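Structures incoming, each one as structure tokens.
Next come two complexes, and both contain chain A; in the first it sits with chain B, in the second with chain C.
Coming up: the complex of A and B.
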């Protein structure tokens, strides 16, 4: 095998003239580029075109039943009450769940990174476990926790004399329930990244500030947070992109209900696309979501960068 | 990197070799592929050895698919030309696959069959397989909805016999609620995550759900509107619980008296017998659904699964043999014994004696009054919209006229393509 590689390599590199050596990188990139084109760029472009057609189950039976509808799908989206509900729910989830998740991750990272903490390895493991656990099994357990009559959560509320809540059945509480679940499930991942970021902050800074009489709060505000800014940018963008694609949690826990209060954009897209086979409409939804995420990322880059530099 | 590609190449070669072996190896026996959904998969495997013994030249490969994934899987298989030879199909899906021209017409096969005779099937159920006088499936088992109830609660509320009319049902529910006092108890459970209850009441009220050859919604029509008002009042007056997670365990709910009536299907007969405690076993009954007025029977939906053949199949004769096998009375009796599914053939009800079973006979009566759901490919999508608006109204977030107008608007949009295709077909003719 090595022999073969060397001969190929010789053939490509042996002539030092510019022609061959320039081509060499493309040769090595070719398999990856090919895969990327076939399985990524082509489907993306195809679905972009599909979003201008009314491709649906009829189109599946006979391609002549597919009509070019121009921007109709997008116009229909704007008129579709479910789209606005899904959009509102998704923003609710991203704007509340995202910062909450980052705050919890950061707190956990600070706790674990603290010099006073014992059994760091164990806690890191425990906090990280939900990330690698299958959501399906997690969801089953949480359904019990959220159960309105026999659930653990309501049992605790009851002890404190607080009125019990129908967590997943009440349209008001369903989304907070999903957020709690999602934060609990995902914070471990960002926590690990934050721990790495925290360990990169030199101890000298803290020691120097202590000599200058800084307390824990001002240390956190003036040293930890600024030094974590690059990490924060990364975590913020990754979390936002991930949270915009909310799907599995409501898909398993509530199927988008009650009264569509947990219907997210991706879940709506899935229902339109794969349950009803309205591919054209679903493709339009996908591109709207893409644009939203793109804008969100730009805003974050702009805001955080200016904060970082200024 | 190289080793990775080598492994990939190795796998690809093996797959090709296996595929070739699969094609050439079966020269004397034919293998037919059979897709089964849900719990029936297990049952089928117990019955198939008999079939293979009787037909030594046919092997049946069963693939079990959960109901939740069935529809997606079938459509994907259609798109990639890999549908099985024979398949179980919920009878509301038949119009969709007929529209796709995926189903084999079965009329001529039935005419020459010594096993399947049309007269022996429940008429309402058989008709769900007929589209424009063409037959696309053979009923395998039937499903409809009846009223499950607790005898003692009904008796205490002044109804020794289950309600026969809507007004009796309403009065009974009122009585139950009154007797419960301040306790959180309900008369009837109609889960708001199901589309069946609102559709049932609509059909009973005489609505055809869709109008003009299934091209427009007819939900703001008087028939549906009146039924819908009657149905949603149960939630507004606290006679039925709103929301779904309140009652995750219906067996416990019934035993505790959380609710006293429940509209459900045949699968729950077995579940009730298995899961309710012993002291409850003489305390529950089933009855046909109440009708809107005296003398008008309360219709129910003609549900169930059929066996169909796909027209791309290369082994139609073999697949037909398997359909005939499952249609044989002796096999249907065994199928019923193992699964509890109700047979579609009248003679089987007689022979097996289930017609006289105290819990099952309500289904026999109900099956005389079943109506098919609208035969349009978009039905499932429409049904879900009905459920969504019923849920919204049950929670008091919209009034009945508001909800039904909005529902009709959405249904009309869903049916837009169908209207276009029908008008195109008209122009061609």
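Coming up: the complex of A and C.
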């Protein structure tokens, strides 16, 4: 076996005049490029075209029944109240949950990175633990924690004299509940990145500003935050991309309810595409999500860039 | 003053740790409670007596071993295959000069902003045509090559000195031999890192296996658990036991290899 592979290898890697094989890099790239082109980039393009068709359950059984409908799916989206609700909910989750999650990550990183902190390694490990848990499992766990009668959260709040809240049953509280779960689950990841960023800031900067009489707050504003700008950009982008894909939490905890208050774009896409098989319509939904994420990334790049120059 | 700061800061650290761990501790604790005990007021944090009946139930009545095995087969296979494919591509990007290399690499990185959900509808149709729905392969295919994995491999391999590779070539090693005998052994740490990322990502993945596995016997553990949780809403203790079993394998892998995992996050963030 090895012998055969070696002979084939020798033939593929016939050497050019320089002694280096010219074909070798393509051989090494081929499997990855093949898989990515066929099972990633091609479906992206196919999805784009699908969004201009009326692909549905009939198309699934007989593809010749699929017709081009131009921009009909997109026009339909604009008229669809559920789409606007899902869009609003998703933005709610991203715009509140994202910054909140980043703020918690940064606070945790600052705490752990402080010279006064003890047992840094242990705390880092503990804070990171939720990141490696399975989202489906912890969504189930939190569903019980949020239970209006027997939930741990209401019990703890009760001790402080706060009235019982029907976390997942109240349209007002359902999305905040999901945000709390998401922050808990994710903050450890960005925390690690922030800790690395903080450790790259030279101590001399802090010492120099101390001599100038700067206090902790002004040090944070004038040294820590500007020096963390590249880290912040990276964290901002990956967090945004991740949060726009909200799905499992509402699927498990609320099924998009109550009264659609936690219906997200991806959950709506899943329901339309894989429950009702309105695949053309679902493809339009997916593409809208992609465009939003793309624009969001561009905006962050632009804002941060102007921040550098300004 | 300084001492006061120190005490407050460490107190905050401890409190945050308690809040962070309490849902996980509560999950484990409730999974050991007799049936119905958690649905009393005030909610007990510790079981009045420890029972493993729910774990027994999950395996005996609810086929959990089957789902765990499905997940294990898929996660281990994807990990092994993706390590080979991504490391080969990373090697080409890091150690060869060929036309369009940097353009191609930038193009791939740009692909990172495309959410996987965009691919899922056509991918489902393709796999359906190929007969891969309800198969392990169907769940595995999108994970076999990953842009992030290629990126991670390339970054690490850039640090291998060219002189080492040249020396091996002068000794008559073929390109494949260089990759197999020199590069892979040197890259062991990054292999471990990417292996953990892929294993955990695949094990924890939910949406794609939910779409591909329509037949009960093929469910991965998160899909099965999600399904159970919608049927057995009242069985808090049972669901907690199921959650513990789902998390346990990834948690063990993480505990043993956390150093490599953390390094991967930091490497991934070096260049966005």
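One rule holds in what follows: the second predicted complex is superposed on the first by the 282 of 310 C-alpha atoms of A that agree within 3 Å, B and C clash if a C-alpha of one lies under 4 Å from a C-alpha of the other, contacts with A are read in each partner's own complex, and residues count from 1 in each chain.
Just so we're on the same page, contacts are C-beta pairs under 8 Å (C-beta built on N, C-alpha and C of every residue); 3 or more make two chains touch, one makes a residue touch a chain.
All of these numbers come straight from a predicted model, not from anything done at the bench.
Within the superposed three-chain model, A:58 lies in touch with chain B and out of touch with chain C [touch as defined at top].
Contacts of A:221 after superposition: neither chain B nor chain C is touched. In the superposed model, A:193 lies in contact with chain C only, and not with chain B.
Residue contacts after overlaying the shared chain place A:43 against chain C, while chain B stays out of touching range.
Once the two complexes are laid over each other on the shared chain, residue contacts for A:149 go to chain B and to chain C alike. By the touch criterion defined above, A:103 lies against neither chain B nor chain C after alignment on the C-alpha atoms of chain A. In the superposition on chain A, A:166 contacts chain B only, with no contact to chain C.
Note on chain A: of its two partners chain C and chain B, the one contacting more of its residues is C.
Common to the chain B and chain C contact sets on chain A are residues 5, 31, 60, 143, 149, 274. For chain C in complex with chain A, the touching residues are 2, 5-6, 9-10, 12-13, 16-17, 20-24, 26-27, 30, 38-43, 45, 84-86, 88-89, 91-93, 96, 98, 101, 108, 111, 113-126, 128, 141-142, 144-145, 147, 150, 169, 174-177, 179, 200, 203-204, 206-207, 210-211, 221-223, 225-226, 229, 236, 239-240, 242-244, 246-247, 250-251, 254, 258, 261-262, 265-266, 269, 272.
Chain B meets chain A in the complex at residues 2-3, 5-6, 71-72, 75, 78-79, 96, 99-101, 192-193, 243-246, 248, 377, 380-381, 388, 391-392, 395, 397, 413, 417, 420-421. Across the complex, chain B is touched by residues 1, 5, 31, 54, 56-58, 60-61, 65, 67, 76, 143, 146-149, 166-171, 255, 257-260, 274-277 of chain A.
Taken together, the chain A residues at the contact with chain C in this complex read 5-6, 9-10, 12-13, 19-22, 24-29, 31-33, 35-36, 39-44, 46-47, 50, 60, 108, 111-112, 114, 116-119, 123, 125-130, 132-138, 140-145, 149-152, 155, 184, 188-189, 192-193, 196-197, 230-231, 233-235, 237-238, 241, 244-245, 247-248, 251-252, 266, 269-270, 273-274, 279, 282-283, 286-287, 289-290, 293-294, 297.
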